[in-house]
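Each of the next two complexes has subunit A plus one more chain, namely subunit B in the first and subunit C in the second.
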Partner chain A sequence: MENSIAWIFIFPLFGSVACAILGISNRKICYPIAVLSMAGSLWAGIETLRQVLSVNDHTVSYLFGGWTLDAYPRGVGIEFHADILGILITLVVLGVGLLVSLYSKLPVEEETPGKEPLFYTLFLLQVTGLAGICLTGDAFNLYVLIEVAALTGYGLIAIGSNRAAAATFNYLILGTIGASLYLLGVGYIYIKTGTLNMVGIHDIIVAEGLADSATMQVAFVLVGVGILIKMAFFPFHAWLPNAYSNAPTTTSCLLAPVVTKVMIYVMIRMVLSVFGVEFSFESTLWTDVLPWLVVVAIVCAAVMALAQREIKRMLSYLIVAEVGYMVGGVWIYNYYGLIGSIFHVISDACMTLCLFLGAGLILRKAKTTHFDGLRGLFTKMPLTMTGFFIGGFSIIGLPPTCGFFSKWYLITGGMVSQRWEYMIVLMFSTMVMVVLFFRMIERIHLAVSESGENLGHGHGDLGLTDQQTRFDEGPLSMLIPLLLASAVVLVVGIYNQEVVSLIEVFLSDFNLPRGEGIK
Partner chain B sequence: MKLLSYIPVLVVGVLLLYAAKDFPEWGSPDAPASKSPVSSHFIANTGVDTEVPNMVTAVLADYRGFDTMFETVVVFIAGMAVLAILKNSGRKKLVKREFEVDAEPDLIVTNTVRLLVPVIQIFAFYVLAHGHVSPGGGFQGGVLMGASFILVALSWDLETALIRFPLNWTTILGGLGIFLYAGIGLLSMFLGGEFLDYSELANIFPVSREMARYHAMLGVEIGVGLTVTAIMFSLYANLSTEGRLQRGL
Partner chain C sequence: MFEDGTIINELLIERLNYFIYVVLLLIGLHAMIAKKNLIKKLIGMSIFQTAIILFYVSIGVKEGSTIPVYLPEHDPHGSHSVPSDTNETSHFDHGPVILDSSLVKGYANPLPHVLMLTAIVVGVATLGLALALCQRIYQGYGTIEEDELLAKMESREIRSKTLSVQIPKDQKLPKKDELKKEKSRSVSKSKTLSASKPKPKGKK
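Presenting the complex of A and B:
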């Protein structure tokens, strides 16, 4: 369909308005509206992917307001510019949105009673914003959509408890600083180039040789740091663990997999398509400095994850560590690192989704997500725990989960660029994650509490009553999304070559070093 | 700690000064922003493309109308988020806050406001409708309109204002504003153009393609105005009472 790229955001946008208005008289109607608009949006996304693959240069550009490129100069109107990278990440966002909206029925009713219409309004607008960020081809429109995604995010987190509201305040301050720095950077770009269209900016930078311009250098720093704050890169991560671990279940399931990942997409987009490879990697110091910051980031985040005794908090620190992986993959500056980074954005979204959906189910049935509450959960809810640990194994990087393959490319990238520090730190954090997840398995199967106290009586006795170990799975509306998500983790892992070949088609337009002697 | 926080401020300040050394000449016609094909197109062709004399309005509501749609959505989100956070939160403890005073509405104030409010509201309509030729438009008109309701709430009390503008209506009107804006975009898409290509509306209305853009811009400005009016008042009502919707400031 010709306009499918517009339908991607039309479905959730109108869905959210319908939720807000119709929800006043009938609260039950919001859940089906949310699921249907997410399904429609995903369908439009798949249709757009088909379009992107069918044209020669693998890009679909859509000019809003009919300010077409043949009749008007580029940049007069606002452009949606979908290439393979953009549409892949959009599909990830929409897929996560659909699964979480399916999952959300019970948690939303129970955790935020009476606020379902508002919740789903914000939920759908969040997805609208994130999908728009992935598709837009206009630097200022990107800022507007970042604001849409950020404001809905604040609302979705703070809708829960008072503690969540306090955590949101932190998030709000840091998020606003990040967005302002980005906007300031865009202003500087505009001063030097006179356009806001991403393709236009890139063309002018190349044509006029703006790489040495002080203004452009500062613009690059402002945009870059702004995005790093938004993605919770290590020194700026302080908002993330509190916000995500205190947020309502559905919120953390939606935000944790996609928000940081979409910001990494923005960084890749800025580096490759807006400033260009030569500008970003050759004429700035970032390639020298950032990998070392990444090392610090991953080590600190991994160690802090190790110190947590509560699943959601532990997962939040894992996200911070994973952000370090992906930023590193970009700034070690080579072909394989970038494949790894982009692939890891996709696979990390899938596995984080798995883990948070699982954590939500554990919280529901075990009433706690503290490690001490995990005993005997494999007999009580085997399907949930299988799904959860498929996500966990993918974080560790066990084949055939998708996490293995993306990490493989990241490590290859480190090797090709001879960034040994990055490789070593990846290995280190992999080992930390092994410890993290196998410690959880130990807590499930052994009768030892976190404080070392022995609760059972030996011989596999967990010190639990039959009532507590009886088969008691979570509700199907929550279980099915989790199982689907874990299936996606496996499928993306098994068909990794298909995904990688798509990414390779995208990266073939850029002149990236591939290392010598390695094919 | 306080001293430490000066360091990032200093660093950013130095960066900004450093960037300024490479700026184009102040107000120079040769600056990239002035001579780019985009701005020259706006300056030369706004009237040709859209028949709108006010360039700013045309850029805001038509050339970059997609941005403005999401700016309106941002306003709507702000209202919904505040409602979502504060709804039912303050009901439990009905303690009197220190800035609350028990006083009857003042005779002089209420009678002055009685005279002022209709004038403000008519002026709001004027600002909204006159955005095509003078400074104004949906955001400004909406703010004026919302302020007129806030004035009622300030001079009587919140209940009086809520009788005239119930809170459910703010949500409905806010949503309708977005619906109107995006709906015009969707309608023009159904008529064969891209999303928000207002000129396609000429297929169903007896006007030229340029005048279709002109009139559609008024339509989307009304959408913006509705949302801003509703959310202004909803934000005031919720924030001033911590979500209790009683008494107010």
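Presenting the complex of A and C:
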């Protein structure tokens, strides 16, 4: 397929329109439309990856409106630009989208009855926006797609309870500040370079030697801070836990794994491809300042996660901590740190998906995601809990899972660039996560509650009810996506060398320090 | 600092557009963060976005320039620049004109303005969504003051916690089926679907 990049967007975009129109007469039709368009989009994504790998310079461009690449500076007209990094993250987004759309049948019907057409319309537009962020080659177009993803995200969260609406309002205010700062930064870039094409901007920065220009420095700070707000980096994280923990199950399953990761992708894209390695790391102070902010971010997020008594809130704070890992991996300015960061974007999406899918099943069965509601769940739903804890072990970083390998590269990066504070804080947060998950494992295995009430054991006394509760798994339409997601966590972990070799091909274009550390 | 009035001169005359946009931006930011009323926050958001729109529009402005439609007689600079440049005249002999940099001088750059059309659309969508959210919040909590809202949310959380304590007490009832009915009644208001759920579970 020649124009497979376009097909990535055509499927979900027209799927969402179909949901909005056909859903009026028949609400049941939205679910198959969503699943089919996600499957088609994923197929187009895989096709694009094959194209990207088959081309010599590993980039495939799709130009809108019949423009060509001849003009200098590059890029009159909007370009979609797929390189290895972009298409990898797109595949992650589309894969998460497919699994969540499979999973969504029952939760959407139950939690937002009567609103299925609206939900799936927003769902597909959200995926379109996120995939667009990963593939666009135009800085202003990126802003528009960020807002497409953000606006649909607000809708998807607020479609739930009143609490969710209140949480969404804060998300909207902070999200708008972040996106607007990014837009302002793009304005400064445009003043100085006269182009909006990412490759074109980079060409001009290199050709004109704009590294010392005050305008570009301001642009860098504005774009950077805007993206940091959007990705919920620690001081700006306030919107995330409330929004994700109050959102409907399906929404949090879709947004939590991908939205923050996609924004980290945007940061990597800006740092490497747009501003360039020399500008970002050598002529700004961010390499000195950000690793220390990351230390504060990870410690605070981990401690706050430890204080939570509710699974979805705890997972939300874990996301904030993970964002710290990835930002740190970029700003320790090191080849291995960047491999770790990119790999962690992929693996964190997989394992967060696992955990949120599991949490959705727990919520459905136990009617609560409070820790006290977890007692004895392992005997009831062993498969769900296995899937959930494969995600958990990956967050901790136990070897066969992908979380181990990405964390390994992050720590290697910290060691090579002698950022001991970053290494120490990674170890600290790993220990916090061990405490978090083993505390939960203890709860779900122990039938007897702390206060001495014999909750689980009470069922055990009655032989017949025990038989019934023993295999009380969730419905298959929700269980299978969870098991697939946990299988992906293991498969990405086992085949980590293949993923890393792809990332290495991408990073080979950039001049990053590999050896004795910074400078 | 104020020798020759350079700073004032630069701020108020040469860079007035940037000065104004920064002031507006900060007013908007302050309102978004510090105001307690949700509608005031939204007004702040509008000011914030408008400041950025003004910034973009001001960078596309050029004194004495015209719209970028090729009409030499409408172009105030066209009649001066064309004869002075000999290369330019050759283009006029042929049909389609390739815009050289000297010819483009008379035109305002349309791109920033066009970009702002998109940004205005995004801003309107955001504002509309935010107002709808305000309505939802007002319907749900009866207030759009942030501190009152937080207080009401907290009190409701406490109430729902006491409810969730009651559910485990019910669980001690020996019959499983009664329990499930109890749960579905207490959790869902009008979901006929969830009421039919327990049956397939029972089969396993």
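Simple rule for what comes next: the second predicted complex is superposed on the first by the 489 of 519 C-alpha atoms of A that agree within 3 Å, B and C clash if a C-alpha of one lies under 4 Å from a C-alpha of the other, contacts with A are read in each partner's own complex, and residues count from 1 in each chain.
Going forward, a contact is a pair of C-beta atoms (placed from the backbone, for glycine too) under 8 Å apart; a residue touches a chain by one contact, two chains touch by 3 or more.
Remember, predicted model here, so these are calculated numbers, not experimental data.
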| item | value |
| --- | --- |
| Partner chain in contact with A:187 - subunit B first, subunit C second, else both or neither | second |
| First, second, both or neither for A:158, with subunit B first and subunit C second | both |
| Partner chain(s) touched by A:172 [first = subunit B, second = subunit C, both, neither] | second |
| Partner chain(s) touched by A:498 [first = subunit B, second = subunit C, both, neither] | neither |
| Which superposed partner A:367 touches (first subunit B, second subunit C, both, neither) | second |
| Touching partner for A:140 - first (subunit B), second (subunit C), both, neither | both |
| Subunit B versus subunit C as contact partner of A:115, first or second or both or neither | first |
| Contacts of A:278 with subunit B and subunit C, given as first, second, both or neither | neither |
| Partner chain in contact with A:288 - subunit B first, subunit C second, else both or neither | neither |
| Where subunit A meets both subunit C and subunit B, residue numbers | 140, 144, 147, 151, 154-155, 158, 162, 165, 190-191 |
| List of subunit C residues in touch with subunit A within their complex | 25, 29, 32, 38, 41, 45, 48-49, 52, 55-56, 59, 111-112, 115, 118-119, 122, 125-126, 129-130, 133-134, 136-137, 139-141, 149, 153, 156, 164, 167-168, 171-172, 174, 176, 183, 187-188, 190-191, 193-194, 197, 200-202, 204 |
| In the complex with subunit A, residue positions of subunit B that touch it | 15-16, 18-24, 31-39, 41-42, 62-67, 70-71, 73-74, 76-78, 80-85, 87-89, 168, 171-172, 174-176, 178-179, 182, 186, 189, 193-200 |
| Of subunit A, residues touching subunit C in the complex | 109-110, 113, 140, 143-144, 147, 151, 154-155, 158, 162-163, 165-166, 168-169, 172-173, 176-177, 180, 183-184, 187, 190-191, 196, 367-368, 370, 453, 455, 458, 462, 465, 468-469, 471-473, 475 |
| Interface residues, subunit A side, partner subunit B - complex | 3, 6, 10, 13-14, 17, 20-21, 24, 62-68, 72-78, 112, 114-115, 118-119, 121-122, 125, 128-129, 132, 138, 140-141, 144-145, 147-148, 151-152, 154-155, 158-159, 162, 165, 188, 190-195, 200, 204, 213-219, 221-222 |
